[in-house]
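The following pair of complexes shares a single chain, chain A, combined with chain B in the former and chain C in the latter.
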Partner chain A sequence: MKSGYGIATEDTVLQSITRTGTAFYVFVCVLLVLTGEFLYAWYIQLTAGLVVTGMRSIYNAPNYMGPYVAGGSPWGIYITNFIFWIGISHAGIAISASVRLMDLKKYKVVARMAEVLTLVALPMAGLSIVFDQGRPDRIINLLVYGRFQSPMLWDLTAITTYFMGTIVYLYLSLRGDIDELAHKLPGREWFYKRLAMNYEGTESEKERHNRTLWWLALAIVPIMVTVHSVVSFVFGLMIARSSWYSTIFAIYFVVGAIVSGVAAVYSLAWIFRWLYKWEALITDDVLKGISWALRNILIIYIYLWIAEELTTRYMGASADLRVSDYLWFGPYAPIFWTMAVVGFGIPAIILLKPIFGKRHFNPGLTFAASIILNVALWVKRFTIVVPSLLNPPLYQTGIYIPTPTEISIMLGTFWLAALLYVAFIKLFPIIDLDVVKGE
Partner chain B sequence: MVTKSTAAVLILGFLILFSGLSLWVLGDQTDSVVSLPLASTGVLWAPLLWVCGIIVLLSAAFVNVLRAKYYVVWLVSLIVGYLVVFGIIILVTGYLIP
Partner chain C sequence: MVIDLSRCLGCWSCAVGCKLENDEPIGIWWNRILTNGGQEPDTPSGDYPNVKMTYLPINCQHCDNAPCVKVCPVAALRKRDDGIVFLDWSRCIGCRYCLVACPYGIPAFNWGPPVQYPDNSQFQIGNPAVPVRPVGVSEKCTFCFQRVDVGNLTPKCIEVCPAGVRFFGDLDDPNSQVSQIIQTKPTVRLREELGTEPSVYYVPPRNPLIKV
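Here is the complex of A and B:
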């Protein structure tokens, strides 16, 4: 593959597998230590119970240990994290399927990093739910006593389907490269040969793979939309805000998920390009294209958000207004306004700048915008979940502040995700080898 | 073009999935499920068939490109892997929770 930055060959792509420096080992060691700290925090929560978290029942209740405990939010940063990771997972298949279905060959270079992101993000979403359960040893009850009328069961079903679909999709798109790795890396031949499962690499076989992947992409896109829609339906089970039962809620969730997913893919693409000097592969043009998609979907998301705030402010039910007041002027106002201005406003300006001329596109600055956006979207999910549950229809209740144990467990999903991602890039090429062959 | 084997797996997947759903609906609305031979084995067939149906359905993509024995390896790995995840969570957390 030839570009203004020189020629990228298969060896250029494979350096992510073959080149391992000291920095890599330091990075992995840091991740392992942080993961250990997370496991210890989870151990504390499992042995002591959810009382070590900041989550409490909605209404005030008599406390056998003292006079009265203030009520609180039954959902906190674990559910916030769950929605966040589901959102991130949208990137993979959305981008990969678009590349395949709309024949956007230019973006094939980021397709795999997006697919792997989905594969890593979905288990983290599932883990967040496990953390939120007081008795995770009863998790099988979700299936055993699941009611098919319940969004909870459909949530589990949608996530299972999406996860399995992603595994199948990723393997099929990876199989040819695995076979090639068996020849290129003799030391690991045994592993790759078995995993390639007798791949022959004939033209007809490649054609069969491409056709199957096309159909699979077509099937997975609606599943992707279903996953985040069903997540929003789960909110309808909770007595909190009337907007949680509104028609727009699912759309709002799906659009938010696509924003965070596309932002995450941009961040990853920029990091890989910087790390391995892949300017010839992940060109400015590719990054600009992703940033344009991000900008457009972000505008839609901000529009939906403003519409939600406005309709609540001018004609909202009293309970809804209370939640809105709580966010705009109450204890969460600093978080809310920082998120709105810094988290969304600044990235929006950075992403909108290239409209005024090509020279305004700055890949590094856009990377900063994509990171800020994802932090802001995590906080956005927090402001959807917590203030609403702290203000149930009847009266206002306590306050929710996550504990250090809870924060350690929540952050643990990020360390685990990073470890899994790193493990993948050390075993398989993160860019489809066909890209450098020009196929 | 969809091959015959792919179509067969797709149909099988749908059949398993709807069997699971049917058992679920029956179990939810009536007591008749108790007398059904499947349910009387004591195994929770409805959720099991439901999940297996989904996996078989998605595995149809493999039939098109893999040899039969590799297809079976993948199918079994996906189903067993899925159930093992639940098993590990239950065992580990069940052991730790006092």
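Here is the complex of A and C:
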């Protein structure tokens, strides 16, 4: 045990598995009820079709032809949610991989919770796409008839590769801990023994695992950049859509995803620290380190954003300017400006404050900033996707307002993600046991 | 196809004929008539008294370099050898990427179960050769390939147009009627700068068409 971690032992870490209070059951029950509500909403959508959502075709047949005729946006909060979850998934394994590649021992304590975040977020992104399909029963056609001409296939390939990489990476880094748990928790030995697959824990075995993980980490970093780049290509390559069609999109999306992912990892680290009193493990120093990374990436993101807005506003093509005007002064202006000022401005101030003196770092306040940032980034993706679709070049079309059913289904991914995460922390240690062993 | 805007009356006959021929459900028009002034039909453009009224019938442009075909992930949208772009309803997964990619806002989506008025169960209105569309797929103009393939019929919009606005033929054949018109009259294509190479040519109206 390293002295730096104070009194933290393996039991300190394992209390997330062994200690289960009433609050936990209440939390899970609430999540289950909400998931039930989501499943009901999804059932409605599956039986009635996507007509229950607020999405409509880009279209402007005359309004008097019926209530559903005027145009709208063919993509809405499901696609927004998809980009959001891909963004969340981003930092997870990336943080973990950089910890390994750059040998940042200090941050190893948050590596595991970041990896699990990726693992949970990616299926949620996939699920958002399934919600969005008109024919979810034919989703297999993507494999049967898929062609690489379509950016959507690039997405499918990159995301599944990323997902497989994450699973293997997580399993290999978890295997030693699982073996250890088999000894620690005799009641569940049958489960852990099978899962550890004859892990023996010899020095040569550990060394082999570490070597494999190092190479996997090296492979995962470029995959991670690819994943969000191809998500941006789904939008950025569409010449038909003003304000999407630009070179900056891939960089913009990747940086945005890293902001969202690092913020999510910060939120999680703070929550676990508060929940299990892990101040000795997740020290102020670690949290401050993450928040500095977050601050730097956020500055790059805001810089890219300003460059993008300036290019449009100063002498933009008329179609781009129309979308921008719609966003700045149109029906979405209230959420756009709230997002810009409250969602980005306030977290930026909170994160920038410690520059002027280290004592200004406040973990709780930074936690609030990290949550606000993620909400703001969700809205930001919405303001990228929808206004451009509502301003087709030949005519203006209607407005997009998500319906309650649609919102229930979208929120369902959050409840499911929380449930999966909770299930993980009750089965496996959320902090690498090597950390407290001082290896 | 060539559309002579100097002849168009804005009567919507092509739209209605198309809707009947192809069984298009409520809320979906493969053929629409836009006016330059605004959203509603027959909206003049300009400030009173200097107003103009021009029509722009719009249907699928059957682009040579079609963005919708490019982005379709399952090849439900395909291009035939004769240049017609069509959508295979039995394969479409309903991702609506074609709606997003099309610069002309052409593909429409069956958000709910398609409803036709009058109902096809009482008597057949549309062409029986048009398959029944399921819920949750996109659809768009096919240049009535069910008619073009059988004998020498033209698309329905041409047959029903009272003013002879539209012409249909082989653009590769220099002696066809459409090629003759393109050679003799000035023509424009919609949003040519995007490089989509549309196959629909418009002859501008005598009062020049304002901003297409």
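Note that in this section the second predicted complex is superposed on the first by the 418 of 439 C-alpha atoms of A that agree within 3 Å, B and C clash if a C-alpha of one lies under 4 Å from a C-alpha of the other, contacts with A are read in each partner's own complex, and residues count from 1 in each chain.
Throughout what follows, a contact is a pair of C-beta atoms (placed from the backbone, for glycine too) under 8 Å apart; a residue touches a chain by one contact, two chains touch by 3 or more.
Remember, it's a predicted structure, so these values are computed and weren't measured experimentally.
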* Considering only the touch criterion stated at the top, classify A:197 as touching first (chain B), second (chain C), both, or neither. => first
* Asked: Touching A:167 in the superposition: chain B (first), chain C (second), both, neither?
  -> first
* To do: Would you check which partner chain A:146 touches, where first means chain B only, second means chain C only, and both and neither mean what they say?
  => both
* Could you look at A:47 and tell me whether it touches chain B, chain C, both or neither (first, second, both, neither)? => first
* Who does A:135 touch here: chain B (first), chain C (second), both, or neither? -> both
* Could you look at A:22 and tell me whether it touches chain B, chain C, both or neither (first, second, both, neither)? => neither
* **Which of chain B and chain C A:247 touches, first, second, both or neither** => neither
* Could you look at A:216 and tell me whether it touches chain B, chain C, both or neither (first, second, both, neither)? => first
* **Dominant toucher of chain A (residue count), chain B or chain C** => C
* Asked: chain A residues touched by both chain B and chain C?
  -> 135, 138-139, 144, 146-147, 149
* In the complex of these two chains, what residues of chain A are touching chain C? -> 48-51, 53, 55-63, 65-66, 68-71, 74-75, 129, 132-135, 138-139, 141-142, 144-147, 149-153, 156, 234, 238-241, 389, 392-397
* Where on chain B does chain A make contact in their complex? -> 1-2, 21, 24-25, 28, 44, 47, 50-51, 54-55, 58-59, 61-62, 64-67, 70, 73-74, 78, 82, 86, 89-90, 93-94, 96-98
* **List of chain C residues in touch with chain A within their complex** => 26-29, 32, 34, 39-41, 58, 67, 70-76, 91-97, 99-105, 107-113, 134-138, 190-191, 194-196, 212
* Structure fact -> Within the complex, chain B is touched by chain A residues 43, 46-47, 130, 135-140, 143-144, 146-149, 157, 160-161, 164-165, 167-169, 171-172, 175, 197-198, 205, 208-209, 211-213, 215-216
